[in-house]
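One chain, chain A, links the two complexes that follow: it is found with chain B in the first and with chain C in the second.
For the complex of A and B:
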């Protein structure tokens, strides 16, 4: 088997908490991404999805730390690399696109400088060649009138345009892996559709693998090769897109989908009424989803479920997975 | 019965040097008693401005707004005694629309105080409103910060229904909420409309909620209504290229279901300062022809369904009439209906 681009194994990330046990943001997380694969990671706020993105980049903000497990990039264990070696990877071999493009861009530098800086740092390219390659990239992300936009400042760009500039920064060094963290959530729907299509096309053309983190399960249905659902810092379900949407087996996955249903019976069955659900925190022992699960049983509260392969390529972390009527 | 009748509404905001932001450019629509009209569009389309004009929070530049057949404006505003409390508003951000320093029970009662109700009447109305929106009575003494977002939004809705208004403007009431809380708020709004017969002007960009909640839809682009019609019909057979583009952009959580369309919108909504005189979509529309530099007339394509496009007949030719939202619902029912789990049975034995 070929080495995956990214292999996360048994990853734990902890944040110390004053006078209490540390908060575990990720717990025993396994995830691998193959060459040119787009994996969608869906979770609500607080599920650990951004922490995972940071842990992969080895950028967990202190005092948080990776307490267990490993992140390997193209077969190299990143925890064994020093800061200098990591810097040559970040932005070049693996890069990130985040939400809020306006806050990521430096308001004092032009678009061209910001895209050019990263290319200069990693390849030493400069002068006319640098400018040409940046303009080429601006064309690729479909920024109209790239020659003029090269000298524009971030405040002169619309939201969709700023997002394209951030994409250009992430892609200019031809990375092997791009992590997109909620990158399209602030955009209007028609612009979001354009940006997603562009991202997919660029990923194909540059043979880039992608971890696509989002709150919107709808995006993953049209954009990703595999779908992973994260809750309480653990993967609850992971499968190829077709299998996942045809046969979602974790009660949490079903809850996320049932929220789109207009059938009151289905909704009242899957969505636990009211505020108990909204305030439930992931459980410490047993299944983290137990406090919100409509099908919870005593067993779930005491025994932590393992991620099991229930059909080919379809893994579920649940003692009592949901089954379909034949 | 027509409750609200908006005619040729125009709202321009001067920006100096003789220019203006042309937020709303001649919009016509009506809302009947007890029905829901959705205004959909992206940021900058003018939907919030229209809501604010209807409520009389800003004075429109032109056009008229009739409430019960009589024009608003002049001395007849929401503040005048005969109209007070008959139109209400629910905001997008529940936390920001509640006063953090007073308990939610008092917030809910404020419209009644403005109507001059006695203390006893006020308390009675507050308890009734809380009950209607499913807010437990013990929480009436809480401060907004003590409640979850879903509960905060229930408070906002209780405050809107407490004076028994005939019309509520809902300005993106669910877009700040998590999916499960969103579903509950939508169900609540539907139930309240059935119980109280309130009409809703529902402002939203979330099309799957719109499809579910509204009887009719008006699609806005750059301050003009480009298409208007019954929800089921407009979602199945859109006739304006922008409506098509909007519907094709919706990513429902089912990989098989997305409007396939040859009509693709390029670029973004332009600045609403100094708009050209023609069709507002002209610069982005793949079907644009020379004639589109002139404003197309509003044409009726079927009863209650109007469109403003020179090429609407071509759009009808090019587009399949499929309601993907409806198909998604049917599929969701099939996929999500639970079967008793084998493991569960084994466990029980």
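For the complex of A and C:
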């Protein structure tokens, strides 16, 4: 197998918690993304999604730090690079799209300037060529009337258009990896569908691999090659899309899917945890999901489960995986 | 709604914004007055050699202490110099010192303020440096402004440069604090984070994304501050620590004339005093108009009012 674009191995990220044991935001996380692969990462708030994205970029917000494990990008261990080398990677070889596009744009610079700045900084391209490439990019993200929008300010854009501009910024340097962190959460459902479609097409066209972070498991169903479920800073289940949706094995995955289900029986069984349980924090010992699991047993509370490959390419971190109903 | 209106304004270009500005001046006579005063003072300073009827530093020993009238509009002082001409020449010195000093203080203050605001949450050197700068500013501001300015002039020696430096030093902490608080809030904005994630180096983020977004209150402060600095320059000259006679300068003119007031010769002091007061007043009016116009929320409210009143919107 060729070197994956991104390989995260045994990654631990800690945040010191004054006087107490540090909080582990990520714990022994493994994840690899191959050439042009789109991996969906699904988890709820606080599960470590964004921390992972930041850790990949080597920009864990201080005082957090990577305490163990490694992130390799195209075979290069990022922790061995200095800040200067990392800066040439960020925005150029790997870029990030974050949520809430309008606030992600500087209100005082035009769309063209903001996209152009990145290109200029990373490639030294300027003048007419710069303008042409930016307009080309605006066309690619389907912004109507790109010549005129080039000189538009962010407050003149609709939410969907601002999101496209942000995508243009992320893609202008032809990155090898795009990390999309909850990028569509602020948009209307219809606009969201358009933006996702576009993002997928652009990823194909630019031969970009993508880590697609979301809290909406539904999005991953028609978008990602593989789906990973994260809870409490650990991967709970990871499988190709087809296998995952055909046969979700982790109780948490099933819970997420059941939450969308119209089958009242299914819902009431999996969602009976109630509100109090939904606020429970991931357990420190044993299975992190144990406090919320409807199928929890004594064993789960004391022994930490390993990620096991139960089918080809289908890994699950559960002692008692859910079995497919006939 | 408001967003759409702004967008429309931008599309319709600068003439529309000028119309809005003129409408604001019409509905706010105090702002119009401020701009008129400042414009007049600046024009007089530039064209003094052509406007003033007499040379400002030449005394006519025969015509001393002439009352206001003809040919000496504001009379003459005890040495026989024409007060009207000197009042017109004075802003050349006063304004130059005040503007230079204020710009210098803004430059020092905003640069340091931007750095402190950006780096103060970084451990080690950043936090130490920020603490050092802020405590130094505390020390500077602990002194009464005027006393501190006198002390600085005393240290640097009495010259135009040292008055400029004194003004710069005295005012720099204002800009430092202003910029620091601005930068502290702007650095948490998503677009700053995005620039960071796109691999931009710090200096570029500060120069492109943070400082431009932090400048509005600094600009408002500048105008008010120029007014204060004119006052400070005049005050220094009044007590003899600033510009020396016979150079035409409002403060020193007041100082030269005030002994004559007891004998009923009020004009050598009153006219330069009035000019000084009016100038400072003008700059502070301009400052408050900038404050209103640079705050998007207040501007929008103003625009809404104008629109309902007379159908003018930005």
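Basically, the second predicted complex is superposed on the first by the 324 of 326 C-alpha atoms of A that agree within 3 Å, B and C clash if a C-alpha of one lies under 4 Å from a C-alpha of the other, contacts with A are read in each partner's own complex, and residues count from 1 in each chain.
Criterion: a contact is a pair of C-beta atoms (placed from the backbone, for glycine too) under 8 Å apart; a residue touches a chain by one contact, two chains touch by 3 or more.
These numbers come from a predicted model, not from an experiment.
Taking chain B and chain C in turn and counting the residues of chain A each one touches, the greater count comes from B.
Of the two partner chains placed around the shared chain by superposition, chain C is the only one that A:100 touches, whereas chain B remains out of contact. By the document's definition of touching, of the two partners only chain C reaches A:108; chain B does not.
When both complexes are overlaid on chain A, the residue A:117 reaches chain C alone and has no touch with chain B.
Contacts of A:169 after superposition: chain C is touched, whereas chain B is not reached.
Once the two complexes are laid over each other on the shared chain, residue contacts for A:74 go to neither chain B nor chain C. In the overlay built on the shared chain, the residue A:192 is in contact with chain B alone; chain C does not reach it.
Common to the chain B and chain C interfaces on chain A is no residue. By the touch criterion stated above, chain A contacts chain B in their complex at residues 44-45, 144, 158, 160-161, 188-194, 216-223, 241-242, 245-248, 254-264, 266-267, 269-275, 277-279, 295, 297, 299, 319-326. On chain C, the positions that touch chain A within their shared complex are 3, 6-7, 10-11, 122-123, 189-191, 193-201, 204, 208-209, 212-213.
Across the complex, chain C is touched by residues 57, 59, 62, 86-92, 95-96, 98, 100, 103-109, 117-118, 121-122, 153, 155-156, 166, 169 of chain A. The touching residues of chain B, when paired with chain A in their complex, are 42-43, 134, 148-151, 178-184, 187, 205, 207-208, 212, 245-246, 248-255, 258, 265-269, 328-329, 332-333, 335-344, 347.
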